[in-house]
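Once you've had a glance at the structure underneath, I'll fire off some questions.
We just call them A, B, C, D, E and F in the order they show up, numbering each chain from 1.
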Amino acid sequence: MYCVEVRDRIMIAHSLPDAFFGPAQGMHGATFVVDVAFFRETLTAKNVVIDIGAALDVLKQTLKPLAYQNLDELPMFAGRLTTTEFLAKHIFDAIAAAARDGSLGEDGRGLASIRVTLHETDLARASYEGSVI
Amino acid sequence: MYCVEVRDRIMIAHSLPDAFFGPAQGMHGATFVVDVAFFRETLTAKNVVIDIGAALDVLKQTLKPLAYQNLDELPMFAGRLTTTEFLAKHIFDAIAAAARDGSLGEDGRGLASIRVTLHETDLARASYEGSVI
Amino acid sequence: MYCVEVRDRIMIAHSLPDAFFGPAQGMHGATFVVDVAFFRETLTAKNVVIDIGAALDVLKQTLKPLAYQNLDELPMFAGRLTTTEFLAKHIFDAIAAAARDGSLGEDGRGLASIRVTLHETDLARASYEGSVI
Amino acid sequence: MYCVEVRDRIMIAHSLPDAFFGPAQGMHGATFVVDVAFFRETLTAKNVVIDIGAALDVLKQTLKPLAYQNLDELPMFAGRLTTTEFLAKHIFDAIAAAARDGSLGEDGRGLASIRVTLHETDLARASYEGSVI
Amino acid sequence: MYCVEVRDRIMIAHSLPDAFFGPAQGMHGATFVVDVAFFRETLTAKNVVIDIGAALDVLKQTLKPLAYQNLDELPMFAGRLTTTEFLAKHIFDAIAAAARDGSLGEDGRGLASIRVTLHETDLARASYEGSVI
Amino acid sequence: MYCVEVRDRIMIAHSLPDAFFGPAQGMHGATFVVDVAFFRETLTAKNVVIDIGAALDVLKQTLKPLAYQNLDELPMFAGRLTTTEFLAKHIFDAIAAAARDGSLGEDGRGLASIRVTLHETDLARASYEGSVI
């Protein structure tokens, strides 16, 4: 299995309003360094997994509505606990949809799976990996 | 599949008394930076893989009997070659047991698998990944 | 010159309400990985620059009022632009004061200077370095 | 599953002569930091996945024909697009062959799979993982 | 002293045609991860060392003529040994000039010094630090 | 000022037999990732700070008597507290001597200063920087 992994980042505010989260219940924030890994069984005619420029563009477009935002105020997250795990899945869903609808180029349709990793500190990170098909 | 990975570290002395290990046969030591990854098919009701505080506590408790020790003098390792691979499995076993016995909270019982990685230098690391169930 | 450098981290929300900051004007947030370097011309009687445990405690105490906070709501920062540079100096001031007042132990009084570095993303960081005396 | 991963590096020149690669069509170059991960279901009698010295030697021998080369001038790559993905597979093939032919020692024959990762910048990397058998 | 440091990167080919450089005499290449640190005694009215957006733009403009190039073919480097140290100074000169001529904004004129670091592998890096004035 | 920095590593055992060191009083160990930075005002005729091959050789020779050793048993350290700071200075002294006696080549005599940094964990490091002359 081949893999190509690229990186971008966002800085956001949010709260996790549930006693479960202790000191993180109130308004705070995070830098999320976001790695997206694209998996493919065989290479394309150009010997790549994916057009890396298209991959970076789709990642940037996916992150844009979140960048420099207070996630608590985004309608799409109303009533949701925007944990790192939840955000990894949110970003995965957007990039997997881009792969399926051709936004990643024709080759994007040949991807086997995608993994989105969010590094939240030097000591903790979360990821979601799933099939594209 | 979701994953959350957290980090702690230990500094230990040990020897690897077998000609196979060449210069590492005698008493020497290592800093092991320890990453533990918890895998889960679905998120809990709190949108997490695991209570990250509980995970860090269990990791710290698991490492405590090893921290600042000479592993050659620990009865539990008598007659064992305490390679990095062996220690990764040792830590995995303790954390997997904690997941099964409820020490990681009720949600720990829903974990699919765990991976323990020990970084021994900037150029080498070892890991063990296994099912929790 | 000797140096010892230790690391901790905080996750905060804030806004930078000035047109100068473009997309960072609104409420957003950051993970700051904080490195504090202690400089000393000669080692203490114990062959160290500083009691590393005391250094980590003072760093943790310094960061505690900021951790998981919305900096916009902290009285001490009212009317201030809490840039990464500004926060590096804020943390420096607290740790330098601890060095001078003995909170870092007697040896803290022998420090020459301190440098506080805040990593805000994988691509950007800010620091403040100053004399302790 | 156990894993041991080791690191080496090469600095090469090459071109990617196809319009698909945009600015990378002309002669340019890269530092590839190369991580090779060896996977094994059970440890050997010495409690290791692989003789780490043998693994590093095989990796160095595999990289030697590429180190400080212009890949465009190597007969083995004539007419090939030497993308990072392609090179990951090229290195994988050589190391997997070494595992099968005994160059990694008798224990090399017990490996389950191998993963070769090439870091090309701080923001992008590619890998190939495959079965050894 | 305050400092802000930002990162970009280039991938280039070149040769070092002198027996001194051994295996690096022929055409090969490198990824240079480039960190530029801006030093300033006091913060600007906006509590920053430099407009980080302007800094990143100037860095990108400075690197653009080098990105994806064969340095041996660039007239500006004719007859020069384009070592990592030499390139650090080349980039420093361009950014220091930008600071002096106002391309970094009015605040750029208040910088005390600049340091340019080029990481060429995970094991080696070079830098040049100098006064702006 | 120009700088070139290179990296090597050692794995050692030692004890710090003084109540000051708490849990680190007994026999334990460490991986030290060692960075050595060479500073020079002007480049040599070959556009370098130092012959990087000679620098790596001298570093390896300096570390060899420590690698895979129990520092408590080395006569040169008898009665000394082998803290990370102390070891940074020990390595500095050896490399500075090599610079002065010509072991780093004729160019080594033109160095301004050297800095030796020992990373002991992902959270702590110590260094010593001094003049060569």
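Of note:
The definition used in the following text is that contacts are C-beta pairs under 8 Å (C-beta built on N, C-alpha and C of every residue); 3 or more make two chains touch, one makes a residue touch a chain.
The structure displayed is predicted, hence computed values, not measured ones.
Farthest from chain A, judged by the mean position of CA atoms in each chain, is F. Think of it this way: of D-E, E-F or A-D, only one pair shares over half of the A-C contact pairs by residue number, and it is D-E.
Of the two chain pairs examined here, B-F and E-F, it is B-F that is joined by more C-beta pairs in contact. Relative to chain D, the chain whose mean Cα position lies farthest away is C. One copy, chain B, sits rotated relative to the other, chain E; on C-alpha atoms the angle is 180 degrees to the nearest 5.
For the pair chain B and chain D, the distance between mean C-alpha positions equals 27 Å.
Computed from the mean C-alpha positions, the centre of chain C lies at a distance of 41 Å from the centre of chain D. Multi-chain contact residues of chain E, defined as those touching 2 or more other chains: 7, 122-123.
Residue ranges of chain A in contact with chain C, taken from their complex: 7, 9, 11-14, 23-24, 26-31, 33, 67-70, 73, 120-123. Here chain A touches chain D in the complex through residues 1-8, 43, 46-49, 51-53, going by the rule given at the top. Those residues of chain F whose C-beta lies close enough to touch chain C in the complex are 18, 20-22, 80-86, 88-89, 122-130.
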